[in-house]
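Before anything else, here is the set of structures, which you'll find just below.
Here subunit A shows up in two complexes: once beside subunit B, once beside subunit C.
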Partner chain A sequence: MTIDFQDDANNPNEAVTLVTRFAQADAVAMFGAHSSPVALAQAEAVEAAGLPEFVFGASNAIDNPYQYQVNARDSEQIKNVLTFAEANDFHTVAFLTDTGAYGTAALEQLNTVIGESDLEIVGSETFEPTASNLTPQLVALQRQNPDFIAMFTFGTPYAAVVQGTAETGWDVPIIGNVAAGDIAVGEIAGEDADGLYYMSPFGSETDAAKELIDAWEAEYPDDELTFEGAIAYDSMSVLLRAITEGGPTREEVQAWLQDAVEVEGLASGTTAWDVASRAPIRAEDLTFRLWQAGETVEVDLG
Partner chain B sequence: MSRNTRRITRILGMTGAVVLALGATTACSLSSGSEPASTTSSQEPSGDVLIGALFPSPAPYRGQAGSIGRASS
Partner chain C sequence: MIDIAYFTIIGLCIGCGYALVALGIATLFNGSGVLNFAQGDIIMIAALYVAVRTTSGENYLVAALEALAIVLVVCALIGLLFVKPAVSRHRDIDLIIIGTIGISTILANLANNVLGSETYSLRSPITDLAVQLGSFTISWDYFALVIAAAILFAGYLVVYKKTDIGLQMRAMSADVDAARYSGVQVAKLTVVGWLIAGFIGTFAGLLLGSVLLVSASMGVPLTISGFAAAMIGGLKNPWGAVLGGAIIGLAETFAAGYLGTAARQSIAPMIIIGVLLLLPRGILAARGARSRVV
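Up next is the complex of A and B:
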């Protein structure tokens, strides 16, 4: 077996070209689409090639029979925003989302899912995906006095928002998506990140998770395990089962994946993966984590 | 794990966790067969079964798995 690693630079056009490369080389499946815009751009190409793809993008807009989302979809993460509010007896929320393709789609899901709940939406602000200063947005939201902020974006804006709350002295809980666990947040914001919550599909409770953590530390003492690494490990495990049990062709792999409604023994999540749903990580598979002194800890909301 | 995979990891930093994870799984899971699996970053891949893998450089974000030991940071 050979894995052909290629850098798509998170560029949709480049990523589509690489789908063609893999398809022409007779790849049986592929891993990729680290972000939602890339996955959406690749959808037509992977379907045309009949090439199953494991994607990390979380957008609910991703809906292709050949794309398997192995990160929790936005709608599942947003269900946990409601869980977070309920656990803390919060009644009002404000949104912070980026103006890119990801943030725009996430805002739509936030308005849909939370709009149907008892939680009152009292404010919503947007920012450029590369924003490094969110103080103006925070000042605007503070006037609405929300109990907490739900923020959906990825990258350094998470560092910017906690730096902004520290600067303005506004002590407001913020819950972000899985990307709020970005190591860069701690590197940039340090202790300013204290109080920032986020969700992760990889916890430490299951036996499979503990085994992976121990094995990883023994094999790669200089490389920290990220949740993406854990998900990648699980995804490859699923693919290997598809190849060994289904067969070594694209058609056989796709057929196996479409029938795999309960894959046990994976490290990510707390339940068996319903791979056939093409979105196996559900709200209940996510754990809550909290930044504390530049590090993160798992929290039980009770 | 192959030298190529380790080299890629050093180049990419934390994004390499995904690369390592993909490579580690194939190496471990297929080693029960008659031949151990191999991973490569060659421009012209070869092998009976080919899997494509994309990684973004630079990473749009680097998620923390968190939990215990080194995985906590």
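Up next is the complex of A and C:
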């Protein structure tokens, strides 16, 4: 198997161009967009090319039949916001979401899922995806006095928000989505990130996870295995099964993936992956983690 | 009440940063008639370079000096690029202005490829020094913006009003052909204008980089805010940049805190449009000053 690595620089236009490049190179599948806005931009192109794409983006707005989400969808992550609130006996929540395609779709899901629960939504603020300073939004939320903040975005705004809480002196629990575990958050914010909770689709409780961690440590002793790495490994495992069991053409891979509702033995999550329904990682598969002294640790909410 | 005091201080301090961006734009405009759409990216290069170097362990001051050298070389090269059209008796200033948009794109792409696409938090030697205002902690990085802006403005005014270079810049700003016939070396002054803009841009990058997250994509938003600040007071009046920066900084901070992100994002573009329509010479334009009309 030949693998062609290209960088879309998280740029939707570049990412669509790469779909054409891979399609013309007779690729059987594509491991694609890390962010939801880029995945949404690629949807028409992958469908036109008949090219199955494994997508890391978590937005529920992704619904193209050729795009298979391999991360926990927002709706699943938001269920765990409720779990987080229940475990801590929190009754009020405020939202922080970005104004981009991802944040807008996530806010809709937050309002829907949490709006139907007993948790009271007392505030909601937005920010540009490239925001550097979130202290005005934090001060606005502080006036509503929520028990905790649920923040759904990706990238560096998580660093900006923890720097903002340090600056405003507001000791409020914040829970982010899986993207809050990005190593850049710790690198940028340092110890300011301490206390930021997030969810991870990769734990160490299953045999497959333990096996992958051991293999990774033997091969790359100086680099920690990230959840993105684990999911990428699992996605490749799924593709290899599709090729082995379905066939080596694009159409055969797509046909196999359309029926892949119970793929077992993967390292991410704790249950079988339902690739076809875009539900490989469910709420109960996610573990809670916490930033501490620039590192992340798994936490048991009890 | 403390919220309002906090927003006022932060807004004014960030406004001083915008004023520095505006000063860089106004400097080049007054020195060569060029509206520089690459000023935000010049600032970005300084901030990103120092952030990358200090993250890898280099001393802040050494990295800052290296950044200054790099920015001055880049600005000298850009200035030389514009020398020929500047000395041409048939120069089309609009084409040169559009050229600065191209320079902006090139600088952003170069920075992305050479310095990387990661985002950084630039920690200066005074980042950990802070003033307490109720529960709020305000780093001295914010106050450094005000102090440095004041010093740079004073220096700029001395150069602009009291030196021969400043006199030549003012002459060229008023009429390039008349300045040329009066003995002004247009080519040399064009390069000098870019170097001064680069010098101011480096300090703006170091100071703004300490209070904003730093990445290769930070240039364009800074340019927009800088233009809005410069236009409020009038591009020909350096004090206008101070007033404009303060207005933009306060308006953006209060809008984000009380009106929401959509309002905050609209502030700078709305001010640019409003000034263009209602006060094309700016609030502080000199009496009798003429607007450039087409």
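The definition used in the following text is that the second predicted complex is superposed on the first by the 302 of 302 C-alpha atoms of A that agree within 3 Å, B and C clash if a C-alpha of one lies under 4 Å from a C-alpha of the other, contacts with A are read in each partner's own complex, and residues count from 1 in each chain.
Here is the rule we use: contacts are C-beta pairs under 8 Å (C-beta built on N, C-alpha and C of every residue); 3 or more make two chains touch, one makes a residue touch a chain.
A quick note: this is a predicted structure, and the numbers were derived from the prediction, not measured.
Contact with subunit C, but none with subunit B, is seen for A:Q137 once the two complexes are overlaid on the shared chain.
With both structures placed on the common chain, the touch criterion links A:E298 to subunit B but leaves subunit C unconnected.
When the shared chain is aligned, subunit B and subunit C each come close enough to touch A:A9. By the document's definition of touching, of the two partners only subunit B reaches A:M30; subunit C does not. By the touch criterion defined above, A:F288 reaches neither subunit B nor subunit C. In the superposition on chain A, A:F22 contacts subunit B only, with no contact to subunit C. With both structures placed on the common chain, the touch criterion links A:F127 to subunit C but leaves subunit B unconnected. When the two structures are aligned on the shared chain, A:A160 is found in touch with subunit C, with no touch to subunit B.
Set against each other, subunit B and subunit C differ in how many residues of subunit A they touch, and the higher count belongs to B. Judged by the touch definition given at the top, the superposed model places A:G169 against subunit C, while subunit B stays out of reach. Residues 9-10, 155, 184 of subunit A lie at the contact with subunit B in one complex and at the contact with subunit C in the other. If you check the complex, the residues on subunit B that touch subunit A are 1, 8-9, 14, 16-26, 29-30, 37-42, 45-73. Interface residues of subunit C, counted against subunit A in their complex, comprise 3, 6-7, 10, 14, 55, 112, 117-121, 134-139, 211-213, 215, 217-218, 221, 253-254, 256-258, 260-262, 264-265.
Across the interface of their complex, subunit C is touched by residues 9-10, 99, 125-128, 130, 132-133, 135-137, 139-140, 143, 155-156, 159-160, 163, 166-170, 184, 187-190 of subunit A. Listing the residues of subunit A that touch subunit B in their complex gives 1-10, 15, 18-19, 21-22, 25-35, 38, 51, 154-155, 178-179, 181-184, 186, 200, 202-204, 209-210, 213-214, 216-217, 219-221, 223-233, 235-237, 239-240, 243, 248, 289, 295-298.
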